Structures are given as structure tokens and as C-alpha cells.
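Submitted below is the structure of interest, expressed as C-alpha cells.
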Amino acid sequence: MSEKNKSDMLRAPFKLEYDYERSTGPIIGKFFEGLSNQQILGTKNGDNVYVPAAEFDPITYEHLSEFVELPETGTVKSFTWIDQPRKHHLINKPFAFALIQIDGATSSILHMITNCNESDIEVGSRVKVSWSEEKTETIKDISHFELINE
Amino acid sequence: MKDIYIIAYAQNPILADAKAANEVELIMPVVHEVFRQTGLSQKDIDFTCSGSCDYLQGAAFAFVEGLSAIQTNPPIKESHVEMDAAWALYECMLKISSGDTESALIYGFGRSSPGNLDSIISLQTDPYYLSPLWVDRISYAALQANTLLQHGTISHDEMYDAIVESMEFAKSNPNALVSNAPSKEEYVAEQKLSTPLNKFDVAPVSDGASAMIICTKDFAKNLNLDHVKINQVCHNIESSNIGTRDLSTSTSLLDLSTKLNLTNLSVDIAELHSQYSHEIVFLKKLLGLDNTSVNASGGPLSGNVMMAAGLDCIGKTYEYLKSKDVTNGLAHATSGPCLQQNMLLHMERVK
Amino acid sequence: MSEEKKDHFISPISLDYNYTAGAATTRFLKKVSEGKIVGQKCPKCTAVYVPPRGSCPRCGVATEEEVELVDKGSVESFTIVHIPIPGNPIVPPYVCAMIRLEGANISFLHLIQEIDLKDIRIGMRVEAVWKDKSEWDTTLENIKWFKPSGGDDIDPSEYRFKGPE
């Protein structure tokens, strides 16, 4: 095929949209319900506490059902700074995706940090939940995290 | 497990945008090429399995359309994985091991150009806690890169050197999509996408297809193509709950390298499915490949066809073992964020 | 669980694509924009495909030779749609049919109109009703629908592929 033919190739923009309905179940459902009440709940297995709430222990595979309430503060374990947000990102100003260990938890939650400069964040930085005004009983009830001084 | 041999492999030149090609037009040339290499036809093949992801090009059931590229009359035994074709190869190996088939055709294809790859890949993550936040693939990788930098496992200089080395290798790979390395100044000045990664650290969005034929020892011997044997293969996956994983290492790959007894193997060449510069540095160290020629094809940084790139690592290892006077090859395929799922193959040139 | 308790959420996925038709379909649609229907013929088994995908799935080979077809054919199969489909402007009941053009070895889906629903049957001869030429574009929608063209029905056994002469 000639180069000319290649450039003549027909193209059409098209949008693929689905509204998936996700069942939450007793563990994730309770975690989301907690978020809508501005509560951070974790599931507990011995010394391990998982936030966001895990249905199964990712190490021992045991079914988890014991909940504990934790504070809305935590520590940055890792982060990546995005100076220019890209398509689909929920925050349209500079922000970080970060793994945050909520105080009292043994796992991390992946969420966003904003309203700060890149140079302000480091591993070990202390952060606090900033709640969404409108609650939807989803992970987005946490709008993002913000740095705190302690 | 039965002895399984790779007897053919073909890859299309990797393109940034395969405008002209629908699924069929991408797959047909590589399938015809592996048949040409072996003198076989579809009728000689007992089982066919492909790997692809319909979300990439946004065409539902594109893998069914892809079947038009191969001869399906009389009807064939066929399967498909919504994964990299390395896992299609694995299914074929199981099929051969079970004694059900003697030979298998594998193909993988992907067109990432029509959609937004970064967003699409985020849909493979947890739909409750992760995908609603649209964490893109580069940001996931960046979280691991930062963890590795923080732990002192890797350095920025090593990441840059890995890019330069990959691009140098890519210059002798006719199928490579990119083969130009930035200068150190350009690299440092480049806008970060998600710190610490800029566009040079990330494998390019690519379109393409690859195919392979594997078979039993007897089948290969009859064709006088019994040169490269898959000695061992193993794969495993870590939790999809990323907050419970230790990103400073890879428990998955450490487990696999123990299973392969990698420390006692003198690996001559390795092709790693490393889609980011830091992954090259990290995997070389983790797998102890200091004295091994790694990603001599240029690796995924020189072209990374989603759903075929893992199979390409296996195929490139096969090509080197076949043509060079070396014995042991290691191939790696991965899937999921931060090397969540991995496959390692030990391949051997049989004298 | 009490009634107020939410046990699910809606997770909207929206993705934008720039779809490529591919070489074979592009050639086909460009001919359609000129009011012509051009299929492709398999060099091995001689089957004629319309619309073409660039290959013969029977033989696994590329189809290069182009064959111009008439816009007349027959109904290989059909269904009468009674259910309104969201986003579809056509008012039920209407006929969706697999149309086999004369000289083609596969059929494609299109509408049949200008017909009493009780008359529709397999083997019935139909012809294309084109939109006004000024509205033609690179789409099979240039054909508004097919309508009965009269003449003797096709014997359904004729639809079976008989291979090269």
C-alpha cells in the first residue's frame, strides 16, 4: 500500500461509555458508609489493620470482619507529584498521588494530596483527610489529603 | 512437564500509529511469517491461543475479529486471554503438557494509538478503591520508582543510563519504534509527567502484533527445528491491594527466581518486560543479571505493544539463542501496576 | 440490611477513541460514498466478501481482488424488532435483515422498509434505496434501507457455500 493511501485512512472519533453498577458487600459497603459519615474504618486481623478496609487478609487470605475506627490523619509512605494534570485526573491543579498510612493502620491507602508545593511533601510527611462536601458512599467521599504541621 | 520447543517467532515493525491496519491486517503478516519459517500451515497446528485487550482500541470483541486473520475452515481449537500473549503461550504450554496437542500457534496484538492508554490501563485496577481515582499507569510506576530511589536501590543516573543503553541496542533492531536517547541535559530538563518519570522513562505508545509457534520435542525434531527449548516457566501475582504491597522489592519475582533456581543458572541473555527506565535497573539488580546481556533488542523502551510485549521478550530471547552461540536465556513478562504479576521463563539453546 | 442502606454505587467509565477503519474497510466505504458496493474476492476459495475485512477467514489469506456488486440481493434471514432500543431513532416494529447481495458469499445487516411486515420471508428479493446523492458520505447509511424488488424468491440452499468451480 502506498503512503498516500495510508494517510487517506478513514478515522472516526468515538466514545465508549458504560455505567457499571458495583455491589459493595458488607465490608466495602461499611467502609464507604463510614466515609460518608466522615469516619475512617479499617478491618483488623491480629496486629494488622487494613485501610481501606480489606475483605480478605492479603497475606493470610483469612476472611476479615472486625472493624476498628481510626483517626483521619496519616503519614506519606510514597508519592508522585503531577505538575500538569492529565486527562481523567480528578484534580486540575498540581497534586500528588500518594500511598498514605493512616495512623493505626498497617497498610496504605492510595489517594491524592493537594494544596501544597512539590517541595513541601516528603516521605514521612503528615497528612489529614479533606472530606468531599457531597457524599456518595464511594472512595471519592475523601476529596484528597492535605499536609498538616504537628 | 513435557519438553516444549519454540520453533518460530515473528514481530511486525512497531508503529506509533498503525493507521492502515485493522486487527486482521495487523495479525495476518506475523501469522503468515511463522508459517513461512516452519513450512507449516494452520491445518498442521493443533491449538491456537491469542492475547489482546479490547479496551485498547475500544472495539468490543476485537479478538473475535482477529480470528479472520487465521484459517478457521475446517474449524480450529482456539482460545483467547484478555492479557499479554505471554499468558496465551502459557495456556498453550499447559495444553501441550496435558498431551492434548503437539503444536500451538500463539499471537498477541495491540493498538494503543486509538485511545488514551494511561487511562485505559487504570481500569484494570481495583474498581472500588483505585480505578474511581483514575490513577494512571505512569503514576503507579512512579510510586514504585520513588520508593526504590528513597531506599537507595536505584539512582537517577542509573535510570538515565538504562535509557541510553536501551536506545543504543534499539539501533540494531529494525522493528524498534524509537532508538534516540536524549542527552543528559535534555533528560534532566524534560518536564516530569509524574515525578520522577518523564516521557523518556516511559515506554512509547505502540501498535503492533507478534506470533510464535511452539511444539513438542518430536514435532520439532521432525522439522529439524529443535534448537530452543523452554526449560522452565513459572508465574505468580501479588495482591491487587497496592497499599499492602512492599514496592521496595518484588516478592513475586523473588519467589519466581527461587523457583527457577536463578542464582545457580549462568544466564547469558535476558529480555525483561521493563516498561519504565527504573524497572530495568531494579530488575537487573533483583534478578542478579549484572553479567548478563539485558534487553539487547532495546526492550520495551524502544517499542511496547500492549498484550504482545511480554511475548516479544520471549520471542527476542528465542531469536538470540537461535542465532548466537550462547546457552541460557531468561525471558520476563509482566502485567498490572508496579510489576504486580510476573512470568519468568528459562530457555535453553539445545546443541 | 435496611432499605436506606446503599449496597452499590454507579461507576461511570467514559473513554474517547479515534477509531481506524483499516485499509479494506476504508476502500469499501470510499466506494460506498460514490454509490458503489465493492467486495473482495478470496484468491483461493473465490468467496466474495462484502463488506470486506481484508482477509478470507475460511482460508486465512489476504483478499486483494476487488469485485463490484449490484445493489440488489435477497433476504438470507430477518427478525422483526418490537422493542424500542434507547438511542435508536427507528420506531418499532421494523425489519432487520441479513442481506445477501447477488454475487456475494456473506450477508450484512440492514433494514427493510416499504413492506407489509407479514410479507417478509427468507429468500425474498430486495434492492437498495439510496439517500439523495447530496447526502452521501463514507457510510453504509447512504443506503436508507432495502425494499422488495419483486421476482422469484431465492432457494435458501443457494446460500450454502459451494467452493471454487
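Order as written gives the chain letters A, B and C; numbering starts at 1 within each chain.
What we mean here is this: a contact is a pair of C-beta atoms (placed from the backbone, for glycine too) under 8 Å apart; a residue touches a chain by one contact, two chains touch by 3 or more.
The structure displayed is predicted, hence computed values, not measured ones.
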- Item | Per-chain Cα centre nearest the global Cα centre, belonging to chain | B
- Item | Contact pairs, highest-scoring chain pair | A-B
- Separation of mean Cα positions, chain C and chain A [Å, integer]: 45
- Task: Just give me the whole-number Å value for how far the CA centre of chain A lies from that of chain B.
- Result: 29
- Item | Between chain B and chain C, centroid-to-centroid distance (C-alpha), Å | 38
- Message: Give the residues of chain C touching no fewer than two other chains, as numbers and ranges.
- Response: 11, 13, 15-23, 25
- Note on the structure: The positions of chain B in contact with two or more other chains are 19-20, 55, 58, 116, 119, 127, 132
- For chain A, what residues touch not just one other chain but two or more? 1, 5, 9, 11, 14, 16, 20, 22, 24, 138
- Query: Which residues, counting only chain B, touch chain C once they are in their complex?
  - Reply: 18-25, 28, 31, 42, 55, 57-59, 65, 67-73, 111, 113-116, 119-120, 123, 127, 131-132
- Task: Mind listing the chain C positions that touch chain A in their complex?
- Result: 5-23, 25-26, 29-30, 138
- Contact residues on chain A for chain C in the complex? 1, 5, 8-25, 29, 32-33, 136-138
- Query: Along chain C, where are the residues that touch chain B in the complex?
  - Reply: 11, 13, 15-25, 53-55, 57-62
- Task: Show which residues of chain B lie in contact with chain A when the two form their complex.
- Result: 19-20, 55, 58, 116, 118-119, 122, 127-130, 132-136, 139, 142-147, 150, 191-197, 239, 241-244, 247
